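Input: a single structure, listed below in C-alpha coordinates.
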Amino acid sequence: MTSHHPIMSKDELTAFLDREFPQIHEGGQTFFVDEIGPLCARMRMDYHDRHLRPGGTISGPSMMTLADLALYAAILAHIGPVALAVTTSLNFNFLRKPEPRALIADCRLLKLGRRLAVGEVSIFSEGSSDVVCHATGTYSIPDRR
Amino acid sequence: MTSHHPIMSKDELTAFLDREFPQIHEGGQTFFVDEIGPLCARMRMDYHDRHLRPGGTISGPSMMTLADLALYAAILAHIGPVALAVTTSLNFNFLRKPEPRALIADCRLLKLGRRLAVGEVSIFSEGSSDVVCHATGTYSIPDRR
Amino acid sequence: MTSHHPIMSKDELTAFLDREFPQIHEGGQTFFVDEIGPLCARMRMDYHDRHLRPGGTISGPSMMTLADLALYAAILAHIGPVALAVTTSLNFNFLRKPEPRALIADCRLLKLGRRLAVGEVSIFSEGSSDVVCHATGTYSIPDRR
Amino acid sequence: MTSHHPIMSKDELTAFLDREFPQIHEGGQTFFVDEIGPLCARMRMDYHDRHLRPGGTISGPSMMTLADLALYAAILAHIGPVALAVTTSLNFNFLRKPEPRALIADCRLLKLGRRLAVGEVSIFSEGSSDVVCHATGTYSIPDRR
(Lines give C-alpha, C1' and ligand atoms only; values in the text may rest on other atoms or scores of the structure.)
Protein backbone atom coordinates (compact mmCIF):
# COMPACT_ATOMS: atom_id res chain seq x y z
CA MET A 1 0.00 0.00 0.00
CA THR A 2 2.90 2.30 0.77
CA SER A 3 6.08 1.95 -1.24
CA HIS A 4 9.65 2.73 -0.24
CA HIS A 5 10.15 4.28 -3.64
CA PRO A 6 8.60 7.60 -4.63
CA ILE A 7 5.61 7.36 -6.93
CA MET A 8 5.57 11.07 -7.82
CA SER A 9 8.36 12.82 -9.68
CA LYS A 10 9.83 16.14 -8.60
CA ASP A 11 7.80 17.90 -11.32
CA GLU A 12 4.52 16.20 -10.38
CA LEU A 13 5.10 17.10 -6.74
CA THR A 14 5.93 20.70 -7.59
CA ALA A 15 2.77 21.00 -9.72
CA PHE A 16 0.68 19.52 -6.88
CA LEU A 17 2.09 21.92 -4.27
CA ASP A 18 1.65 24.92 -6.61
CA ARG A 19 -1.99 23.99 -7.18
CA GLU A 20 -2.99 22.94 -3.65
CA PHE A 21 -0.83 25.23 -1.50
CA PRO A 22 -0.56 28.47 -3.49
CA GLN A 23 -0.25 30.48 -0.28
CA ILE A 24 3.30 29.18 0.36
CA HIS A 25 4.36 31.22 -2.68
CA GLU A 26 2.68 34.43 -1.53
CA GLY A 27 5.02 37.40 -1.87
CA GLY A 28 7.14 35.51 -4.44
CA GLN A 29 8.16 31.85 -4.62
CA THR A 30 10.95 30.92 -2.20
CA PHE A 31 10.22 27.21 -1.59
CA PHE A 32 11.43 24.68 -4.18
CA VAL A 33 11.50 20.88 -4.35
CA ASP A 34 15.13 20.12 -5.22
CA GLU A 35 15.14 16.34 -5.18
CA ILE A 36 12.99 13.30 -4.46
CA GLY A 37 14.49 9.87 -3.74
CA PRO A 38 13.71 6.61 -1.93
CA LEU A 39 12.36 7.63 1.49
CA CYS A 40 13.96 11.06 1.15
CA ALA A 41 13.49 14.54 -0.24
CA ARG A 42 15.42 17.80 -0.43
CA MET A 43 13.78 21.22 -0.37
CA ARG A 44 15.27 24.66 -0.67
CA MET A 45 14.17 28.00 0.74
CA ASP A 46 15.60 31.05 -1.01
CA TYR A 47 16.84 33.95 1.08
CA HIS A 48 14.11 36.59 1.18
CA ASP A 49 13.22 39.61 3.31
CA ARG A 50 10.03 38.02 4.57
CA HIS A 51 11.98 35.17 6.24
CA LEU A 52 14.23 37.50 8.25
CA ARG A 53 14.55 38.59 11.85
CA PRO A 54 16.37 41.76 12.95
CA GLY A 55 20.09 41.37 12.37
CA GLY A 56 19.55 39.56 9.07
CA THR A 57 19.11 36.11 10.59
CA ILE A 58 16.44 33.76 9.25
CA SER A 59 13.42 33.41 11.53
CA GLY A 60 12.54 30.25 13.44
CA PRO A 61 9.04 30.11 11.95
CA SER A 62 10.51 30.21 8.41
CA MET A 63 12.72 27.22 9.24
CA MET A 64 9.76 25.42 10.83
CA THR A 65 7.68 26.04 7.70
CA LEU A 66 10.50 24.65 5.54
CA ALA A 67 10.91 21.51 7.70
CA ASP A 68 7.17 20.76 7.76
CA LEU A 69 6.93 21.30 4.01
CA ALA A 70 9.93 19.04 3.29
CA LEU A 71 8.48 16.21 5.40
CA TYR A 72 5.05 16.68 3.87
CA ALA A 73 6.50 16.61 0.34
CA ALA A 74 8.56 13.49 1.08
CA ILE A 75 5.48 11.64 2.37
CA LEU A 76 3.27 12.79 -0.47
CA ALA A 77 5.86 11.70 -3.04
CA HIS A 78 5.60 8.16 -1.63
CA ILE A 79 1.86 7.82 -0.99
CA GLY A 80 0.57 9.92 -3.89
CA PRO A 81 -1.64 12.99 -4.05
CA VAL A 82 -4.91 11.32 -3.08
CA ALA A 83 -4.47 10.80 0.62
CA LEU A 84 -3.71 14.03 2.44
CA ALA A 85 -1.39 13.48 5.38
CA VAL A 86 -1.95 15.60 8.49
CA THR A 87 0.90 16.83 10.72
CA THR A 88 0.39 15.42 14.23
CA SER A 89 3.64 16.45 15.92
CA LEU A 90 6.84 18.35 15.22
CA ASN A 91 9.99 18.68 17.32
CA PHE A 92 12.70 21.25 16.58
CA ASN A 93 16.19 21.88 17.87
CA PHE A 94 17.70 25.21 16.83
CA LEU A 95 21.47 24.74 16.77
CA ARG A 96 23.14 27.73 15.15
CA LYS A 97 22.25 31.09 13.63
CA PRO A 98 21.67 30.50 9.91
CA GLU A 99 23.82 32.49 7.51
CA PRO A 100 22.13 35.12 5.30
CA ARG A 101 21.79 32.59 2.47
CA ALA A 102 19.38 30.01 1.07
CA LEU A 103 18.57 27.07 3.36
CA ILE A 104 18.58 23.43 2.28
CA ALA A 105 16.34 20.89 4.07
CA ASP A 106 17.42 17.26 3.78
CA CYS A 107 14.63 14.99 4.84
CA ARG A 108 14.60 11.23 5.48
CA LEU A 109 11.52 9.14 6.26
CA LEU A 110 12.14 6.79 9.21
CA LYS A 111 8.79 5.07 8.93
CA LEU A 112 6.11 5.00 6.27
CA GLY A 113 3.29 2.93 7.68
CA ARG A 114 -0.32 2.50 6.74
CA ARG A 115 -1.55 5.06 9.27
CA LEU A 116 1.59 6.87 10.46
CA ALA A 117 4.66 8.37 8.79
CA VAL A 118 7.68 9.67 10.72
CA GLY A 119 10.69 11.52 9.39
CA GLU A 120 13.61 13.72 10.29
CA VAL A 121 15.01 16.84 8.65
CA SER A 122 18.39 18.52 8.83
CA ILE A 123 18.50 22.14 7.67
CA PHE A 124 21.77 23.67 6.44
CA SER A 125 22.84 27.02 5.05
CA GLU A 126 23.59 26.42 1.37
CA GLY A 127 27.24 25.47 0.93
CA SER A 128 27.79 24.65 4.62
CA SER A 129 27.72 21.29 6.39
CA ASP A 130 26.73 22.59 9.85
CA VAL A 131 23.15 21.73 10.78
CA VAL A 132 21.35 24.96 11.79
CA CYS A 133 18.04 23.30 12.70
CA HIS A 134 17.05 19.66 13.18
CA ALA A 135 13.44 18.51 13.16
CA THR A 136 11.44 15.33 13.54
CA GLY A 137 7.80 15.08 12.56
CA THR A 138 4.94 12.60 12.67
CA TYR A 139 2.06 12.58 10.19
CA SER A 140 -1.26 10.80 10.29
CA ILE A 141 -2.33 9.17 7.04
CA PRO A 142 -6.10 8.93 6.56
CA ASP A 143 -7.77 5.63 5.71
CA ARG A 144 -7.72 4.94 1.99
CA ARG A 145 -9.90 2.53 0.10
CA MET B 1 18.28 37.98 38.91
CA THR B 2 15.10 36.52 37.48
CA SER B 3 11.81 37.23 39.16
CA HIS B 4 8.65 35.18 39.24
CA HIS B 5 6.68 38.36 38.70
CA PRO B 6 6.65 40.21 35.40
CA ILE B 7 8.76 43.38 35.30
CA MET B 8 7.28 44.66 32.02
CA SER B 9 3.64 45.64 31.59
CA LYS B 10 1.49 44.54 28.68
CA ASP B 11 1.95 47.98 27.08
CA GLU B 12 5.72 48.03 27.52
CA LEU B 13 5.95 44.54 26.03
CA THR B 14 3.71 45.51 23.10
CA ALA B 15 5.84 48.58 22.40
CA PHE B 16 9.01 46.50 22.55
CA LEU B 17 7.69 43.87 20.11
CA ASP B 18 6.39 46.56 17.72
CA ARG B 19 9.81 48.21 17.68
CA GLU B 20 12.07 45.16 17.58
CA PHE B 21 9.95 42.69 15.59
CA PRO B 22 8.04 44.88 13.08
CA GLN B 23 7.99 41.97 10.57
CA ILE B 24 5.43 40.03 12.65
CA HIS B 25 2.93 42.76 11.72
CA GLU B 26 3.65 42.64 7.99
CA GLY B 27 0.43 42.55 5.98
CA GLY B 28 -1.55 43.97 8.92
CA GLN B 29 -1.25 43.35 12.66
CA THR B 30 -2.74 40.00 13.76
CA PHE B 31 -0.64 39.24 16.89
CA PHE B 32 -1.60 40.92 20.17
CA VAL B 33 -0.41 40.60 23.77
CA ASP B 34 -3.65 40.06 25.71
CA GLU B 35 -2.36 39.56 29.23
CA ILE B 36 0.81 39.24 31.28
CA GLY B 37 0.84 37.64 34.74
CA PRO B 38 3.15 35.82 37.15
CA LEU B 39 5.00 33.23 35.03
CA CYS B 40 2.31 33.41 32.38
CA ALA B 41 1.14 35.30 29.30
CA ARG B 42 -1.75 35.21 26.87
CA MET B 43 -1.43 36.14 23.20
CA ARG B 44 -4.02 36.31 20.49
CA MET B 45 -3.78 35.80 16.73
CA ASP B 46 -6.61 37.31 14.70
CA TYR B 47 -8.12 35.29 11.89
CA HIS B 48 -6.56 36.46 8.63
CA ASP B 49 -6.19 35.17 5.08
CA ARG B 50 -2.44 34.87 5.34
CA HIS B 51 -2.73 32.32 8.18
CA LEU B 52 -4.98 29.96 6.20
CA ARG B 53 -4.60 26.64 4.46
CA PRO B 54 -7.01 25.40 1.78
CA GLY B 55 -10.38 24.61 3.33
CA GLY B 56 -10.22 27.62 5.63
CA THR B 57 -8.19 25.92 8.35
CA ILE B 58 -5.38 27.81 10.09
CA SER B 59 -1.90 26.68 9.03
CA GLY B 60 0.50 24.81 11.30
CA PRO B 61 3.28 27.38 10.76
CA SER B 62 0.93 30.19 11.90
CA MET B 63 0.20 28.29 15.11
CA MET B 64 3.92 27.60 15.60
CA THR B 65 4.67 31.31 15.14
CA LEU B 66 2.02 32.17 17.73
CA ALA B 67 3.33 29.65 20.27
CA ASP B 68 6.96 30.77 19.90
CA LEU B 69 5.92 34.43 20.18
CA ALA B 70 3.81 33.79 23.30
CA LEU B 71 6.67 31.97 25.05
CA TYR B 72 9.14 34.64 23.99
CA ALA B 73 6.87 37.41 25.26
CA ALA B 74 6.31 35.65 28.59
CA ILE B 75 10.06 35.25 29.16
CA LEU B 76 10.83 38.81 28.09
CA ALA B 77 8.16 40.18 30.43
CA HIS B 78 10.00 38.52 33.33
CA ILE B 79 13.65 39.16 32.46
CA GLY B 80 13.28 42.55 30.79
CA PRO B 81 14.14 43.85 27.34
CA VAL B 82 17.92 43.85 27.76
CA ALA B 83 18.76 40.18 27.53
CA LEU B 84 17.50 38.62 24.33
CA ALA B 85 16.44 35.02 24.81
CA VAL B 86 17.11 32.58 21.96
CA THR B 87 14.77 29.67 21.12
CA THR B 88 16.70 26.42 21.50
CA SER B 89 13.92 23.86 21.07
CA LEU B 90 10.19 23.64 20.36
CA ASN B 91 7.85 20.65 20.47
CA PHE B 92 4.35 20.73 19.01
CA ASN B 93 1.37 18.41 19.13
CA PHE B 94 -1.43 19.27 16.70
CA LEU B 95 -4.65 17.98 18.21
CA ARG B 96 -7.63 19.28 16.26
CA LYS B 97 -8.41 21.42 13.24
CA PRO B 98 -8.73 25.00 14.45
CA GLU B 99 -12.03 26.75 13.75
CA PRO B 100 -12.05 29.72 11.34
CA ARG B 101 -11.70 32.17 14.24
CA ALA B 102 -9.05 33.95 16.27
CA LEU B 103 -6.66 31.75 18.26
CA ILE B 104 -5.73 32.30 21.90
CA ALA B 105 -2.36 31.09 23.21
CA ASP B 106 -2.15 30.53 26.97
CA CYS B 107 1.42 30.23 28.07
CA ARG B 108 2.91 29.18 31.41
CA LEU B 109 6.61 29.27 32.32
CA LEU B 110 7.69 26.02 34.01
CA LYS B 111 11.21 27.20 34.72
CA LEU B 112 12.86 30.60 34.64
CA GLY B 113 16.51 29.98 35.45
CA ARG B 114 19.63 32.06 35.04
CA ARG B 115 20.56 30.42 31.74
CA LEU B 116 17.48 28.46 30.66
CA ALA B 117 13.74 29.14 30.51
CA VAL B 118 11.13 26.48 29.73
CA GLY B 119 7.44 26.92 29.14
CA GLU B 120 4.32 25.35 27.71
CA VAL B 121 1.52 26.79 25.58
CA SER B 122 -2.03 25.66 24.93
CA ILE B 123 -3.69 27.15 21.86
CA PHE B 124 -7.49 27.36 21.64
CA SER B 125 -10.00 28.69 19.13
CA GLU B 126 -11.50 31.79 20.74
CA GLY B 127 -14.56 30.83 22.77
CA SER B 128 -13.72 27.11 22.85
CA SER B 129 -12.02 25.06 25.57
CA ASP B 130 -10.58 22.36 23.28
CA VAL B 131 -6.83 22.61 22.86
CA VAL B 132 -6.04 22.68 19.10
CA CYS B 133 -2.25 22.77 19.50
CA HIS B 134 0.02 22.21 22.50
CA ALA B 135 3.65 23.32 22.55
CA THR B 136 6.63 23.27 24.87
CA GLY B 137 9.70 25.40 24.29
CA THR B 138 13.15 25.96 25.76
CA TYR B 139 15.02 29.25 25.53
CA SER B 140 18.64 30.06 26.24
CA ILE B 141 19.23 33.27 28.19
CA PRO B 142 22.55 35.00 27.45
CA ASP B 143 24.92 35.95 30.26
CA ARG B 144 24.05 39.30 31.79
CA ARG B 145 26.27 41.49 33.89
CA MET C 1 -16.59 5.18 21.35
CA THR C 2 -14.23 7.05 23.68
CA SER C 3 -15.63 8.80 26.71
CA HIS C 4 -14.33 11.85 28.54
CA HIS C 5 -15.09 10.07 31.79
CA PRO C 6 -13.05 7.15 33.09
CA ILE C 7 -14.69 3.74 32.70
CA MET C 8 -12.22 1.93 34.99
CA SER C 9 -11.85 2.66 38.69
CA LYS C 10 -8.52 3.14 40.42
CA ASP C 11 -8.76 -0.42 41.80
CA GLU C 12 -9.63 -1.98 38.45
CA LEU C 13 -6.74 -0.14 36.82
CA THR C 14 -4.34 -1.20 39.57
CA ALA C 15 -5.42 -4.82 39.21
CA PHE C 16 -4.97 -4.64 35.44
CA LEU C 17 -1.45 -3.15 35.68
CA ASP C 18 -0.44 -5.72 38.35
CA ARG C 19 -1.59 -8.56 36.12
CA GLU C 20 -0.37 -7.31 32.74
CA PHE C 21 2.78 -5.40 33.69
CA PRO C 22 4.22 -7.33 36.67
CA GLN C 23 7.76 -6.30 35.70
CA ILE C 24 7.17 -2.67 36.78
CA HIS C 25 7.02 -4.01 40.36
CA GLU C 26 10.26 -5.98 40.12
CA GLY C 27 12.48 -5.34 43.12
CA GLY C 28 9.49 -4.15 45.18
CA GLN C 29 6.44 -2.08 44.19
CA THR C 30 7.19 1.64 43.83
CA PHE C 31 4.54 2.69 41.25
CA PHE C 32 1.00 3.38 42.49
CA VAL C 33 -2.16 4.74 40.86
CA ASP C 34 -3.22 7.54 43.23
CA GLU C 35 -6.23 8.94 41.44
CA ILE C 36 -8.28 8.68 38.26
CA GLY C 37 -10.58 11.47 37.08
CA PRO C 38 -12.14 12.91 33.91
CA LEU C 39 -9.31 13.04 31.34
CA CYS C 40 -6.74 12.91 34.12
CA ALA C 41 -4.76 10.60 36.38
CA ARG C 42 -2.22 10.86 39.17
CA MET C 43 0.52 8.32 39.77
CA ARG C 44 3.16 8.14 42.45
CA MET C 45 6.66 6.68 42.46
CA ASP C 46 8.10 5.89 45.87
CA TYR C 47 11.68 6.81 46.59
CA HIS C 48 13.81 3.70 46.14
CA ASP C 49 17.49 2.87 45.65
CA ARG C 50 16.91 1.49 42.17
CA HIS C 51 15.64 4.87 40.93
CA LEU C 52 18.74 6.78 42.03
CA ARG C 53 21.77 8.31 40.36
CA PRO C 54 25.01 9.15 42.21
CA GLY C 55 24.43 12.02 44.63
CA GLY C 56 21.01 10.68 45.63
CA THR C 57 19.12 12.29 42.75
CA ILE C 58 16.38 10.39 40.94
CA SER C 59 17.39 9.16 37.49
CA GLY C 60 15.98 10.51 34.25
CA PRO C 61 14.91 7.04 33.06
CA SER C 62 12.91 6.52 36.29
CA MET C 63 11.05 9.78 35.66
CA MET C 64 10.48 8.82 32.02
CA THR C 65 9.07 5.45 33.12
CA LEU C 66 6.74 7.21 35.56
CA ALA C 67 5.51 9.69 32.92
CA ASP C 68 4.86 7.00 30.31
CA LEU C 69 3.08 4.84 32.87
CA ALA C 70 0.88 7.73 34.06
CA LEU C 71 -0.17 8.61 30.50
CA TYR C 72 -0.77 4.95 29.68
CA ALA C 73 -2.89 4.49 32.80
CA ALA C 74 -4.92 7.63 32.09
CA ILE C 75 -5.71 6.45 28.55
CA LEU C 76 -6.51 2.91 29.63
CA ALA C 77 -8.86 4.19 32.33
CA HIS C 78 -10.86 5.95 29.59
CA ILE C 79 -10.83 3.38 26.79
CA GLY C 80 -10.89 0.21 28.90
CA PRO C 81 -8.58 -2.76 29.13
CA VAL C 82 -9.42 -4.33 25.78
CA ALA C 83 -7.63 -2.06 23.35
CA LEU C 84 -3.94 -1.77 24.14
CA ALA C 85 -2.57 1.66 23.35
CA VAL C 86 0.98 1.89 21.99
CA THR C 87 3.34 4.79 22.80
CA THR C 88 4.28 6.54 19.56
CA SER C 89 6.18 9.56 20.87
CA LEU C 90 7.36 11.12 24.11
CA ASN C 91 8.92 14.52 24.78
CA PHE C 92 10.60 15.40 28.07
CA ASN C 93 11.94 18.58 29.61
CA PHE C 94 14.02 18.09 32.75
CA LEU C 95 13.70 21.25 34.80
CA ARG C 96 15.18 20.73 38.26
CA LYS C 97 16.94 18.07 40.28
CA PRO C 98 14.25 16.09 42.09
CA GLU C 99 14.47 15.96 45.87
CA PRO C 100 15.23 12.60 47.53
CA ARG C 101 11.51 11.94 48.01
CA ALA C 102 8.56 10.28 46.28
CA LEU C 103 7.53 11.77 42.92
CA ILE C 104 3.97 12.62 41.92
CA ALA C 105 2.95 12.58 38.24
CA ASP C 106 -0.11 14.65 37.36
CA CYS C 107 -1.38 13.73 33.95
CA ARG C 108 -3.99 15.38 31.73
CA LEU C 109 -5.29 14.04 28.43
CA LEU C 110 -5.41 16.78 25.78
CA LYS C 111 -7.02 14.59 23.14
CA LEU C 112 -8.70 11.22 23.26
CA GLY C 113 -9.59 10.37 19.69
CA ARG C 114 -10.58 7.16 17.97
CA ARG C 115 -7.03 6.46 16.77
CA LEU C 116 -4.81 8.86 18.70
CA ALA C 117 -4.52 9.99 22.33
CA VAL C 118 -2.29 12.86 23.47
CA GLY C 119 -1.52 13.96 27.01
CA GLU C 120 0.84 15.93 29.18
CA VAL C 121 2.39 15.15 32.56
CA SER C 122 3.92 17.35 35.23
CA ILE C 123 6.14 15.56 37.76
CA PHE C 124 6.68 17.05 41.22
CA SER C 125 8.59 16.03 44.35
CA GLU C 126 5.94 15.13 46.91
CA GLY C 127 4.98 18.20 48.90
CA SER C 128 6.52 20.67 46.43
CA SER C 129 4.86 22.69 43.67
CA ASP C 130 7.95 23.02 41.44
CA VAL C 131 7.74 20.90 38.30
CA VAL C 132 10.90 18.76 38.07
CA CYS C 133 10.05 17.12 34.75
CA HIS C 134 7.40 17.88 32.13
CA ALA C 135 6.39 15.39 29.46
CA THR C 136 4.02 15.13 26.53
CA GLY C 137 3.17 11.84 24.89
CA THR C 138 1.18 10.50 21.94
CA TYR C 139 -0.36 7.04 21.85
CA SER C 140 -1.80 5.05 18.97
CA ILE C 141 -5.07 3.27 19.69
CA PRO C 142 -5.63 0.09 17.64
CA ASP C 143 -8.82 -0.41 15.67
CA ARG C 144 -11.62 -1.81 17.80
CA ARG C 145 -14.76 -3.51 16.59
CA MET D 1 37.41 24.23 24.67
CA THR D 2 35.32 21.53 23.02
CA SER D 3 36.85 19.41 20.32
CA HIS D 4 35.18 17.66 17.43
CA HIS D 5 37.39 14.66 18.11
CA PRO D 6 36.91 12.42 21.11
CA ILE D 7 39.43 12.90 23.91
CA MET D 8 38.50 9.71 25.77
CA SER D 9 38.96 6.23 24.34
CA LYS D 10 36.29 3.53 24.46
CA ASP D 11 38.12 1.89 27.38
CA GLU D 12 38.48 5.12 29.35
CA LEU D 13 34.80 5.87 28.83
CA THR D 14 33.78 2.36 29.86
CA ALA D 15 35.90 2.60 33.02
CA PHE D 16 34.35 5.99 33.84
CA LEU D 17 30.77 4.75 33.41
CA ASP D 18 31.48 1.60 35.46
CA ARG D 19 32.87 3.72 38.29
CA GLU D 20 30.38 6.62 38.27
CA PHE D 21 27.17 4.85 37.16
CA PRO D 22 27.39 1.36 38.68
CA GLN D 23 23.58 1.20 38.93
CA ILE D 24 23.19 0.85 35.14
CA HIS D 25 24.79 -2.61 35.53
CA GLU D 26 22.49 -3.74 38.34
CA GLY D 27 21.13 -7.22 37.68
CA GLY D 28 23.99 -7.95 35.26
CA GLN D 29 25.74 -5.73 32.70
CA THR D 30 23.69 -5.20 29.53
CA PHE D 31 24.97 -1.75 28.37
CA PHE D 32 28.27 -1.61 26.46
CA VAL D 33 30.16 1.17 24.66
CA ASP D 34 30.82 -0.35 21.23
CA GLU D 35 32.55 2.52 19.46
CA ILE D 36 33.58 6.15 19.87
CA GLY D 37 34.34 8.38 16.86
CA PRO D 38 34.35 12.05 15.81
CA LEU D 39 31.06 13.49 17.08
CA CYS D 40 29.56 9.99 17.31
CA ALA D 41 29.23 6.93 19.49
CA ARG D 42 27.65 3.50 19.32
CA MET D 43 26.21 1.71 22.34
CA ARG D 44 24.70 -1.74 22.63
CA MET D 45 22.07 -3.11 25.00
CA ASP D 46 22.01 -6.88 25.37
CA TYR D 47 18.68 -8.66 25.36
CA HIS D 48 17.71 -9.36 28.96
CA ASP D 49 14.56 -10.28 30.88
CA ARG D 50 14.55 -7.01 32.78
CA HIS D 51 14.19 -4.99 29.56
CA LEU D 52 11.07 -6.86 28.43
CA ARG D 53 7.35 -6.17 28.21
CA PRO D 54 4.70 -8.87 27.93
CA GLY D 55 4.94 -10.57 24.53
CA GLY D 56 8.74 -10.49 24.59
CA THR D 57 9.06 -6.96 23.22
CA ILE D 58 11.65 -4.57 24.64
CA SER D 59 10.18 -1.85 26.86
CA GLY D 60 10.07 1.83 25.93
CA PRO D 61 11.88 2.88 29.14
CA SER D 62 14.75 0.49 28.32
CA MET D 63 15.13 2.10 24.89
CA MET D 64 14.94 5.57 26.46
CA THR D 65 17.67 4.62 28.95
CA LEU D 66 19.85 3.36 26.10
CA ALA D 67 19.36 6.54 24.03
CA ASP D 68 20.12 8.87 26.96
CA LEU D 69 23.20 6.82 27.87
CA ALA D 70 24.49 6.82 24.29
CA LEU D 71 24.14 10.61 23.99
CA TYR D 72 25.68 11.13 27.41
CA ALA D 73 28.63 8.87 26.53
CA ALA D 74 29.18 10.63 23.19
CA ILE D 75 29.28 14.05 24.87
CA LEU D 76 31.51 12.88 27.70
CA ALA D 77 33.96 11.33 25.23
CA HIS D 78 34.37 14.78 23.65
CA ILE D 79 34.45 17.07 26.69
CA GLY D 80 36.17 14.71 29.14
CA PRO D 81 35.17 13.34 32.52
CA VAL D 82 35.51 16.56 34.52
CA ALA D 83 32.44 18.48 33.45
CA LEU D 84 29.26 16.52 34.03
CA ALA D 85 26.63 17.22 31.39
CA VAL D 86 22.99 17.31 32.51
CA THR D 87 20.11 16.10 30.29
CA THR D 88 17.75 19.03 29.68
CA SER D 89 15.39 17.52 27.09
CA LEU D 90 14.72 14.28 25.23
CA ASN D 91 12.34 13.55 22.36
CA PHE D 92 11.48 10.03 21.26
CA ASN D 93 9.61 8.52 18.33
CA PHE D 94 8.81 4.83 18.66
CA LEU D 95 8.61 3.42 15.16
CA ARG D 96 8.45 -0.38 15.28
CA LYS D 97 8.35 -3.21 17.78
CA PRO D 98 11.95 -4.20 18.47
CA GLU D 99 12.86 -7.83 17.79
CA PRO D 100 13.81 -10.05 20.75
CA ARG D 101 17.51 -9.28 20.21
CA ALA D 102 20.22 -6.88 21.30
CA LEU D 103 19.67 -3.22 20.39
CA ILE D 104 22.30 -0.97 18.83
CA ALA D 105 22.18 2.81 19.41
CA ASP D 106 23.96 4.93 16.81
CA CYS D 107 24.44 8.44 18.09
CA ARG D 108 25.60 11.58 16.31
CA LEU D 109 26.28 14.95 17.94
CA LEU D 110 24.71 17.80 15.95
CA LYS D 111 26.16 20.53 18.15
CA LEU D 112 28.85 20.58 20.78
CA GLY D 113 28.91 24.11 22.12
CA ARG D 114 30.40 25.65 25.22
CA ARG D 115 27.13 25.45 27.17
CA LEU D 116 24.87 23.19 25.12
CA ALA D 117 25.25 19.87 23.32
CA VAL D 118 22.59 18.39 21.03
CA GLY D 119 22.54 14.98 19.41
CA GLU D 120 20.36 12.39 17.75
CA VAL D 121 20.20 8.61 18.16
CA SER D 122 18.83 5.87 15.92
CA ILE D 123 18.17 2.54 17.64
CA PHE D 124 18.14 -0.71 15.62
CA SER D 125 17.67 -4.38 16.40
CA GLU D 126 21.09 -5.97 15.92
CA GLY D 127 21.47 -7.12 12.34
CA SER D 128 18.54 -5.05 11.02
CA SER D 129 18.54 -1.66 9.29
CA ASP D 130 15.03 -0.59 10.36
CA VAL D 131 15.05 2.15 13.00
CA VAL D 132 12.89 1.01 15.96
CA CYS D 133 13.27 4.21 17.98
CA HIS D 134 14.64 7.64 17.12
CA ALA D 135 15.66 10.17 19.76
CA THR D 136 17.04 13.67 19.99
CA GLY D 137 18.47 15.09 23.20
CA THR D 138 19.85 18.34 24.56
CA TYR D 139 22.40 18.53 27.36
CA SER D 140 23.54 21.47 29.46
CA ILE D 141 27.29 21.68 30.04
CA PRO D 142 28.28 23.37 33.31
CA ASP D 143 30.75 26.23 33.36
CA ARG D 144 34.33 25.01 33.45
CA ARG D 145 37.39 26.94 34.58
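Per-chain residue numbering starts at 1, and chain names A, B, C and D are given in the order in which the chains are listed.
Here is the rule we go by: a residue touches a chain if its C-beta (ideal position, glycine included) is under 8 Å from a C-beta of that chain, and two chains touch if they have at least 3 such contacts.
To keep track of the chains, here are their UniProt names: A, B, C, D = Phenylacetic acid degradation protein.
Bear in mind that the values here come from a model prediction, so they are computed numbers and not experimental data.
Undergrad: Which neighbours do chain A and chain C have in common?
TA: In this structure, the chains that contact chain C and also chain A are B, D.
Undergrad: Hey, which chain ends up farthest from chain B, C-alpha centres compared?
TA: D
Undergrad: Between chain B and chain C, what is the gap in Å from one C-alpha centre to the other?
TA: Between these chains, centre-to-centre, one finds 28 Å.
Undergrad: Which whole number of Å gives the spacing of the CA centres of chain A and chain B?
TA: 24
Undergrad: Using CA atom averages as chain centres, what separation in Å is found between chain B and chain D?
TA: Taking the mean C-alpha position of each chain, the two centres sit 33 Å apart.
Undergrad: Mind pulling the chain A residues that touch 2 or more other chains?
TA: 88-89, 91, 93, 138
Undergrad: Okay, in this complex, where on chain C does chain B touch?
TA: Listed in rising order, the residues are 91, 93, 95-96, 110-111, 118, 120, 122, 131, 134, 136, 138.
Undergrad: So in the complex, the part of chain B that touches chain D is made up of which residues?
TA: Touching chain D: residues 88-89, 91, 115-116, 138, 140 of chain B.
Undergrad: Chain D touches which residues of chain C in the complex?
TA: Residues of chain C touching chain D: 20-21, 23, 26, 50, 52-54, 59-61, 64-65, 68, 86-94.
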